[in-house]
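In what follows, chain A forms one complex with chain B and a second complex with chain C.
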Partner chain A sequence: MTTVRAAPSPWREPVVLLAAPAVLYLVVFYALPLLWLLAKSFIGPAGLTLGPYIDFFADPFDWRVIANTLGIAVQVTLVCLAIGYPASFALARAGAVLQIAMLVSIILPLSIGVVVKAFAWQIVLRRDGVISQILVAIGVWDEPQRLLFTEAGLVLGAANIFLPFMILPIYSLVKLIDPRLAEAGATLGAAPLYRFLRIVLPLTLPGVVSGVAFVFSMSVSMYVIPSLLIGDRFQTLSTLTGRSFLFMRNEQLGSTTAVILLVLAVSVVIGSGWLARRLGGRA
Partner chain B sequence: MTPTERLARLVMWMAALFTVVFLMTPLVVAVAASFGSSAVFTLPPPDWSLRWYQRLAVVRGLLPALLTSLEVAAFSTAMALAIGTLCAIALVRGRFPGRESIATFLVSPLMLPGLVVGIAMLQGFKAMGLREAYSSLLIAHVVITLPYVVRTVLGSLTLFDFSLLDAARTLGCNYPTALLRVLVPALGPAFLTSSMFAFLASMDNYPISIFFTDAWTKTLPIQMLQYVEENPDPTIAAISTGLVLLAILTLVIGDRLVGLRKLADF
Partner chain C sequence: MPNDRTNLSRRRVLAGTGAGTAAAILGFPAIVRAQAKEIVIGGAANFAPWMNGTVAAAFEQKYKTKIIYEGTKSLVNLEKMQKNKDKPYLSIVMMDDPVMILAVKEGLLEKLTPATVPNLAKVRPAAVHMDGMWANYLQPWQGIAYNTKALPGGVPTWAETYDPKFKGRLIIPSLQNTEGLANLVVAAHLETGKPMEQAQFEIDAAFKKIKTLKPNLLTVYTQIPQAFNLLETGEGWAMASLFSSVVIPKEKEGAVKMSVPKEGIFVGPAGVCLVKGGPNKEMALALIDMLLSAEMQDKLQAETFAFPSNTAAKPPSGIGADVKVHNLDWGFVAKERDGWVKRWDREMAI
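Here is the complex of A and B:
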């Protein structure tokens, strides 16, 4: 006869204690401050209030700021997806030389600071910059134009800096696709487009979801890139938050926009996680 | 090959080529501008010169900022490695409820807007009575580096065969020695990749650091941005070239030790 001993309480395992330093550290120095920021934004001089949010959403300028933020983030994400999706297939299927060139060009910029890259884009986007020269040379533009301090310039610079975060998650799934799947489809008479839509696309979709989520949430919250590439004329939630704390000393406004940013970011994270799970991915 | 397939292939290789050129552009431009003689970096420069490198020595505040950044990055990476690894062991070995949520919680600072985290910390630290910039920077940067360590070490630990530790103990090692002689070497690549990315993330951080600087304590990105805004000359390009070299060096070492493809694992 076997005796079933009651399992010891999981909390009594000593190995649990190893998690304590890191978890406590983050609770004290990260989670509590965030909760406090959240709580404080709902507390006015006379108790609980939604006042700051009502004021914020009543101002048409603030709607403009939200539209700017989301508009730029959508554009950056689309540019990254358009380049990154085919590029991640190339990365998975390239020969040794091209693959190394691609890996270096993806990983090297990742290890260089955003200030350096945004500064370089300031040079590239000027009236006498490389892009303007190329566009004039191939006849797209009649005369040199300045892209710096325009929305197009900001989208281009941000897409450049975030592109690796689109390619890497998609690549991680593309390299797992068994090429025989598409061959099997071909043998069974499926046309190339049909094969792509029914076999390849569904397999890579979880990677697309996590790439889109990365790039979108980074674009929503970028701060250094817009400060250098478009300036104060064009405000986003993030630059407005930074400015209200660093220059305007308007902590009330800053906390409100910070909480809105936080809600946006958290919903992107939760939404993309849910979507990736539904698509049956490991991403 | 059908026309559709040919078109798809063309798009794929064009995207690949474009990606390489596009991603390398800022680095090439920064390096090229640093060797130009003109103060308004025109490309190609009218003449080559090293004057911006000579200016590096003269510009005040750059060297202290670099040292501050290196110190903060080294301290926070070491601290994150220590507590992050312990935590990853607990998450892999323990059978307590909520492990999944704890892992998500530890990686979450990566996914939230840096500026928001910075503001929350600024106010939170103030409320705790912590006002000194340097210690606040150190504390904040552990939060920045910890996710990198937890993510990578956790991934590597799930593949580790813990019965190896029992084997080492059967062969006469005590538990700490077994950890040191068996577990640590097995986790070597994970330690290396994660500390590399953690270190670089700390060196690069702007949106959190900006809230913990004062006249004496500034990190490199903050000093650099301030410099660009005050006098936009290629001195910044000279520093950038130095940072590009540092990144290339790190990458070469990383490639030698764990391989380039491994570094691209996401």
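Here is the complex of A and C:
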């Protein structure tokens, strides 16, 4: 005879207790400030209001700021994907020594602060910088030009800084793909492009989606990098939020722009998660 | 084996010391305060070297009172005053004029008069504001910084910054920065032909003109060190309306120098005020008087490279006696600035 035990309450599981410090930390230092921010954006001098949001969306300039923010984030994500996708295959297929060297070269820059890297990119993107010199040398440009304080410069600099966050999730899936799958496809007469589109790409898509979510959410909210690489004449939601708090001392406007930015970033992350689950299930 | 040679165990010593300290702090605070004759001053972080050096030494020697200097941003100093309004701990605050106006509105300042601060009578009238609520002491002046290799002859006029030869080479401050407002006034002056003091109120004309500067702009900065580096390395050729306190100390390195434009220079709004109800008022007034004195302003020239507000003080080296000095109407600026910043974002965007 077997006895059926009632499932233990998840609250009595020791594993829940293990998570308690992290939960407490996140509640105190993340969730509560976030709630405060949210509340601030809805509370005006006369009580609850949607006024700041109505004012924000009524101003065509603010739509331009949103377009700047999303546009740059999309471009940075696409550049990271274009470079990171093949790079993650190279990393997964490399020999042991080369793989370690590549991993170190990808992970080590993460230990350097964003400010330092952005300053370094300022030098690279100048008129006398490396990129300009190379483009002149290979005949793309007739004379040195600067990429600093241009959208192209910002995309290049930001993509470099966020690239590891695209490579690593894709790499983690690529290294699990059995190379014999593609070979099997080849023996069945599948052309290389067909094999890539029907076998390799579906298997790596969850990694791509994760990488896209990482890079997009970081680049949509970046503050220091645009401040240093494109300056005050290109406003994004982050720089507008910073200015509202630090200069205008308009907490309500700052909270409003911060909440809008948060909603955009969270939507992408949730959307990516949903897509990853669907694609993962299909694969 | 227990040590029985003395009754003083480690525990007893610690307990005794703790009790003594507690008694000293809790039981005799008035005595403790009376012994420490000091005043606390809030000011800009970059003023700390000379405030803690030249000024503190002279003041301590004359008044036997120690200066505790808290260096930070003007807005942070304002917050300190707001938060401690009922029981101020700052005696004096040194802030930019636009922030002073906010402090006056909130009733945080106490008026200065020649009776309480004798040197106030010798300060240029344009440097005493809102009927004596605060006064400017040393004012960093604003000209045009230039890269000596790119422009060996300097930049002789503000108007020249509009010359197409500067295409993509000119750096200007954001309107968020105090020094950024001078460029708007210059633009109004160039557009209307009116003197600077009148032109500063012609904001539509100012924006109409300054928009034409866009092709020449390398960048609009909010952080001076980053922008200054661009000038030093030659990526930028000129920085319009930068403070003398940033440029002059670097002139000896040779890469960058400061031009005094023919149309004149602007002086920065560095003010000093008395905190209402602040501690040790007598010493606070004495220190303000010292900061406004010709002797102290002459002494600080070498460290601050600023324009003196006392009429008896010497002008900064490198500036002729006949140079035009322009002051902005900071009351007008404080009222309108947020609107200008919004307009700037829209009209000066890339």
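As a working rule, the second predicted complex is superposed on the first by the 254 of 283 C-alpha atoms of A that agree within 3 Å, B and C clash if a C-alpha of one lies under 4 Å from a C-alpha of the other, contacts with A are read in each partner's own complex, and residues count from 1 in each chain.
In this section, a residue touches a chain if its C-beta (ideal position, glycine included) is under 8 Å from a C-beta of that chain, and two chains touch if they have at least 3 such contacts.
Predicted model, so just to flag it, every value in this text is computed and none were measured.
Asks: Touching A:F149, do we find chain B (first), chain C (second), both, or neither?
Replies: After superposing on A, A:F149 lies in contact with chain C but is clear of chain B.
Asks: Touch test for A:V16: chain B only (first), chain C only (second), both, or neither?
Replies: first
Asks: Using the superposition on chain A described above, determine whether A:R249 touches chain B (first), chain C (second), both, or neither.
Replies: In the superposition, A:R249 touches chain C alone.
Asks: For A:R127, select first, second, both or neither according to whether it touches chain B, chain C, the two together, or no partner.
Replies: Only chain C; A:R127 stays clear of chain B.
Asks: With the two complexes superposed on chain A, say which partner A:T69 touches: chain B (first), chain C (second), both, or neither.
Replies: In the superposition, A:T69 touches no partner, neither chain B nor chain C.
Asks: On the A-aligned overlay, A:A258 touches which partner chain: chain B = first, chain C = second, or both, or neither?
Replies: It touches chain B, and chain C stays clear.
Asks: I'd like to know which partner A:S217 touches here: chain B for first, chain C for second, both or neither.
Replies: first
Asks: Determine, for the superposed model, which of the two partners chain B and chain C contacts more residues of chain A.
Replies: Answer, by number of touched residues of chain A: B.
Asks: State whether A:A94 touches chain B only (first), chain C only (second), both chains, or neither.
Replies: Once the two structures are laid over each other on A, A:A94 reaches chain B alone.
Asks: First (chain B), second (chain C), both or neither: which does A:T236 touch?
Replies: neither
Asks: Residues of chain A that sit at the chain B interface in one complex and at the chain C interface in the other, please.
Replies: Residues common to the chain A contacts of chain C and of chain B are 119, 122, 128, 227-228, 246, listed in rising order.
Asks: Spell out the part of chain B that touches chain A in their complex, as residue ranges.
Replies: On the chain B side, the touching residues are 2, 4-5, 8, 11-16, 18-20, 22-27, 29-30, 33, 41-43, 83-84, 86-87, 89-91, 93-97, 102, 105-106, 108-109, 111-117, 119-125, 127, 139-140, 142-143, 146, 150, 196-197, 200, 203-204, 206-207, 210-211, 220-221, 224-225, 228, 232, 236-237, 239-240, 243-244, 247-248, 250-251, 260-261, 263-266.
Asks: Which bits of chain A are touching chain B when the two form their complex?
Replies: 10-11, 13, 15-19, 21-23, 25-26, 29-34, 36-37, 40, 83-87, 89-91, 93-94, 98, 100-117, 119-124, 128-130, 160, 163-164, 167-169, 171-172, 191-193, 196, 217, 220-221, 223-224, 227-228, 238, 241-242, 245-246, 254-255, 258-259, 261-262, 265-266, 269
Asks: Any idea which chain C residues touch chain A in the complex?
Replies: Listed in rising order, the residues are 75, 168, 174, 176, 217-223, 226, 229-230, 233-235, 338, 341-342, 345-346, 348-350.
Asks: Would you tell me which residues of chain A are touching chain C in their complex?
Replies: Counting only chain A, the residues touching chain C are 61, 64, 119, 122, 126-128, 146, 148-151, 227-228, 230-235, 243, 246-250.
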